[in-house]
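We call the chains A, B, C and D, going by the order they appear; numbering starts again at 1 in every chain.
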Amino acid sequence: MRSKPRIAFFDFACCEGCQLVVLRLGEELFELLEHVEVVSWREVMTTASDEYDIAFCEGSIRWQKDIERIKKIRETAGTLVSLGTCASIGCHNAIRNDWPLDTLRQTVYGDPEFPQGIITARPITAVVEVDYQTFGCPVSAPEFVKVFKAILTEQEYSPPNRPVCVECKLNDYPCVYEKNQVCLGPVTRCGCNAACTGYGDGCRSCRGLMDGANLEGAVRALMANDIKRHPIMERVVSTHGLSEADILQMFGAYNTWPKVERKDYQYED
Amino acid sequence: MKIEINPMTRVEGHAKLDASGDKVRFAVTEAPRFFEALVRDRSYRDVSHIASRVCGICAISHACAALKATEDAFGITTGPRIRLLRRLACYGEVLSSHALHLYFLAGPDFFKASSAFELAASDPEILRRGNRLKELGYVLCDTVAGRHTHPVAMRLNGFTFVPAEEDLTALLHRLENGLLDLQKTVSLFKGRIPEMERETEYVSLRHPLHYAFYEGDLHSSEGKTVPVAEYSRQIREEVISYSTAKYARWHRDSYMVGALARFNNNSDQLSPAAGEAAAELGLEAPCYNPFANTTAQIVEMVHCVEDSMNLIEQIVSTDHPAETDEPVIPVAGCGVGAVEAPRGTLFHEYHYDGSGKCTFANMVIPTAQNLANLEADLNALLPTLAGRDKESTALRLEMLARAYDPCISCSSH
Amino acid sequence: MQSSIRTFAAADLPTLLHDWVCSQPVMGPKERRDQPGFYYFDWIESRDAELKRLARLLADGYGATTIPPKTAFFPTREPLFRFATDGHVVPEKKEQEKDFLLVGVHPCDLAALSLLDRAYGYPPADGRWRQRRRLATIVGIDCLPDDYCFCTSMGTSASRDGCDLFLTPIDGGFLAEVHSSKGQELLQGTHTEEAREKDLLAGEDFLGKKIAATGPRLQTGLEEFAEILEKTDLSDVWERTAQRCYSCGSCNTTCPTCFCFDMEDSLESNLTSGVRYRSWGSCQLLDFALIAGGTNTRDIRCQRVAHRWHRKFLYLQRQFDRPYCTGCGRCSRACTADINIVDVCNELIKLAKEKK
Amino acid sequence: MTVSGQTMVIDYIPVPVSVLQVIDEAPGVKTFSLSAPQDEMAFEAGQFVQISVFGYGEAPFTICSSPAQRHHFEICVSAVGRVSNALHRLAAGDRVGMRGPFGNPFPLERARGKDLFFVAGGTGMACLRSVISHCREHRSDYGRLIIASGVKSPEQRLFVPDLRLWHQDDQTELHETVDKADETWQGRVGVVADIINEIDFNPRNIIAFVVGPPIVFRFAAQNFLEKGVAEENIYFSLERRFQCGVGKCGHCQINDLYVCQDGPVFSYSQLKARSEAVEATLPDS
């Protein structure tokens, strides 16, 4: 048996909700931690170490200096995990790229120049290669646990390429469309065990679009127009009266980062 | 002596503390995420969900403040059952957040441990208890709002899901056990809080009928009470060159929000067991010891647990609907919403156009409001530490900063 | 066992249910309290209120459950066995090693269970399915269609496949067809009477009403439909359908006749023991036909859509002589992309006619 | 647990078997010798077993040892994913789970008295070794035994001792090729399907067994067909990913055929009209 792998948690710009989800695992976390040695975790530990084998990184890249920091972490860690949507696909942080930085600074600080050193917001996956990706805002606890175990047992983990609908059905949850709510579940990567739809709220795609998601189909299904619909969908579409822009904005809430490739983006780095 | 603590550990978010000569500075280095800008142009449907992402620890408070502000803007008055359920969720959040602070963040200092894990190595039961209390708070939130971070079931004018009566009453038993855990918590922390005294202005919400968390008017210990909608005319926010969080002041150069401020302003409304806990801990209003913010948190935890039982009974006996399929009709308008987040008064303000798009947003975060006061306290504390070595001075300064339970990613949002 | 037809009064139903619940575990339909109109199968507790609710659903009729009753025999996710990573395996104790009763199964779902009997019974038979099927006593109940039902086209409107007792609501009570000795026993504790001519007519009347009220219809016979699928290039319809389809799999995960599944090992926190689970699969999901090396034999949505129809109405039709669709309409109800199975079938038929 | 067909009921519970020996075959490829459950393993060449590494999952592997060998059996595994990588970390003494054997074997009855032509691309040899061993053990039942084996590079050759044997004695005609030679390789360079064109054989008396990646299937089929070999005499053994091995889970379907039950050995004539048999799509169609 080799000695216990050393693990570290790091955070970049985010709400630190993912770390809370991890901490909330309680007994299960303590059991999992038996297999490792936690050497750095700023939110709960004072001591820190620059040597670790497995790094969990939460949050998005925001400062210029974050780039160096994440590269350093990548160099040190044998295994790097992006924790949650901020780290994997940018989350709400990336929405800010829709705006010029001066406008943002003016809006929030009343000074177009302050603070300095801010760059285009991006997930850590856009800067370094990660070995495991986890999604969710906050990270889906079952997925974190799965990945943690996969790492310790040297398994691959491919994020599920199936939509949330599958988990709704396997849990026998009513579809929220029947509650006259808009849901992005049919195009969103599952793995959250239908956390939102189980409580009657539509999925907001916090785990990001799954591969091969039929976005055009979704726009068509949700947009107010005169295609023939079955009664449930008819009610949803007529009450919410969504335009294409509304629908795309909904998808964009967590999925804005890939759009950074757009020509009209202002890069600030 | 030059002290630099960077980054501050066992706090939420990135900050650094440095002391050189007789001056201490507490700088927020967390990257701003520009939430006030990024909700602009977005639909009212998304606002509370985006807002809750400001902070993982006080997600419910942000969601509530955003929902209240939006409801205010749209002229919606929520029914009594909705308000009761939201209050319950707020209690859950206060309980979990305080438990996190007490047992995982600040706690280890009182036992000379560097982390909760180290603490657990010597006494696993302490960590287990902390975990149970934290979990109890989360379970309250889960039951009402689907989950704590980030709440799913809270929506404008109601909930997308309402817990069944059985689910609510099932909590009662856990809450009773929670009170037992809290008794042990009181004895554990009693007498361990460092002494210090610096009088300041204490600001919180105040409600005529109950110890305010979810609703109330804005109240200052200077003797002034105003409706929350007035907040921006009363409180001035100011950008500081070395910090991405803004500082705030009202009547004086700085003021304090959070558990101690609430205790000082509203202790007359505490539940009976909370009052007893305060007495046992030797906490009496007004208390001018900022370290006692931690003590006040224990008292508030007792209050939250005890009053939750009360709330559950009220919720079960009110059959006003809280769940609704009816869509909200947006109207052009401005609204302000304030709640007592675990760390103090939180304000959200939004303006909407007629189609329900957000045109302006402002969020005033408790930790930001506390920063000026924290610095003043640190500067008052430093001279009293003369004669100590660097390490113990640093630790004491750090403990004071932690006593404020700063929530830094929130403060720079 | 000779089949006989009896009647009993509606007022006796709650006591009857009470007897059943006291003698064995009972699974039956329930309505979600926070969402009226949403039905699901679940274990029935012996509380009065719960029995009253069940009696009401049976007497007044209830709409199709989203998850079909096959879940009683093949749960959405079930442990297959526990293992230790050192190679030790322990069969998972089956939850329901006892006999149990499944009540309130609609005719189309009875037909679906018998289709799965064929598929899972095809050698080598699925032991779990077979075991649970043997333990179950089934009480069917007749129903009236909603906008999505098309059982008449699938020949399942009057199915009694595999049921022990079948109830038809008639004025003031139920017609109870006894189909097995187990079914007979179920009636033992209640006062029943031999069905009279008038009762039998009322039963027929119910079926007649049901058939008349069933709107959507397949525009051709089933064997002809299989032939169309086999022989015609239908890509126009597949493509049109695929433009809308999300590949979300809800059509499969709600279908009473779908039987594909996935298996997954789940390790416990000690990393030395765990459980292998099996859960419902769906051929509409992107990864379903992924093979080693990264090739996916159905990576284009259109291929997956076509596969669904081919499998249901052609391949399985040829293998088992029955289409793997009962006309329950669940897939159309569940589809958030508004893909209606009957509409698509009829589009296919229309295209085939045009091509001729 | 017996040969499939006799196993009438299945509960998906594997039986534990021990790893007896692990042989490094080539980079990324290992052969595992496994103990037979109850010391007796009855199977026919071409059948596969479902191997579980507990905590990782289950995957199908063809038995690559001779059916005559009954106390233990071998599988040859290339590390591509979850189960196969986990297998590669095992050592003698470890235990894995086994279900099966399953699937249809190579049609050796039909092949009696015929010349047999084996084409193996890459790890395809893993699948053919068992049938080749069987034919050598029953040498008099068959005519010529022609083997064409192609790998990417010399180090990728599998079962080198067997190859040496097949080369040396006169029971088999072995033709080896590599895509890319190195200093150790003096033999043929080029694609394996071309060997079909270079050898004289009587197309009317040939039964061909082809196993390899899709490209090998396609070109081998084309070349055999051009030589005049009948469609029903060209056999493929196909791979899919699946869960059950017994025609229930649905993952392995090639149109209406189940690889696990109707296959994995199929004749070209069975596959050619089936759109999902990507291996049988001829290069020019």
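General remarks:
The working rule: a residue touches a chain if its C-beta (ideal position, glycine included) is under 8 Å from a C-beta of that chain, and two chains touch if they have at least 3 such contacts.
None of the values given here were measured: they were computed from a predicted structure.
Geometrically, the chain at the heart of the complex, using CA-atom means, is A.
By number of C-beta pairs in contact, chains A-B lead all other pairings. Put simply, the C-alpha centre of chain C and that of chain D have 39 angstrom between them. Chain A and chain C have Cα centroids separated by 37 Å. Annotation: 43 Å between the Cα-based centres of chain A and chain D. Work out the mean CA point of chain A and of chain B, and you get 25 Å between them. The multi-chain contact residues of chain C, meaning those touching 2 or more other chains, are 34, 267, 271.
Along chain D, residues 55-56, 81 each make contact with two or more other chains.
Within chain B, the positions touching two or more other chains are listed as 161, 323.
A list of each chain pair in contact follows: A-B, A-C, A-D, B-C, C-D. Residues 11-21, 23-24, 26-27, 30, 33, 38, 41-48, 62-63, 66, 91-93, 95-96, 98-99, 103-104, 107-111, 114-115, 118, 121, 137-138, 176, 179-181, 195-196, 198-201, 204, 239-240, 246, 249-250, 253 of chain A are the ones that touch chain B when the two sit in their complex.
For chain D in complex with chain C, the residues that touch the partner chain are 4-5, 7-16, 18, 52, 54-58, 80-81, 94-97, 213-214, 239-241, 243-244, 246-251, 253-256, 276, 278.
Within the complex formed with chain D, the chain C residues making contact are 80-81, 83-89, 91, 119-120, 122-128, 130, 259-265, 267, 271, 274, 276, 278, 281, 283, 288-293, 295, 297-298, 303, 307, 310-311, 314-315, 318-319. If you check the complex, the residues on chain C that touch chain A are 32, 34-35, 37-38, 40, 66-67, 71, 76-77, 147-148, 243-250, 253-254, 267, 269-271, 279-280, 282, 285-287, 301, 332-338, 340.
Residue ranges of chain B in contact with chain C, taken from their complex: 161-162, 164, 323.
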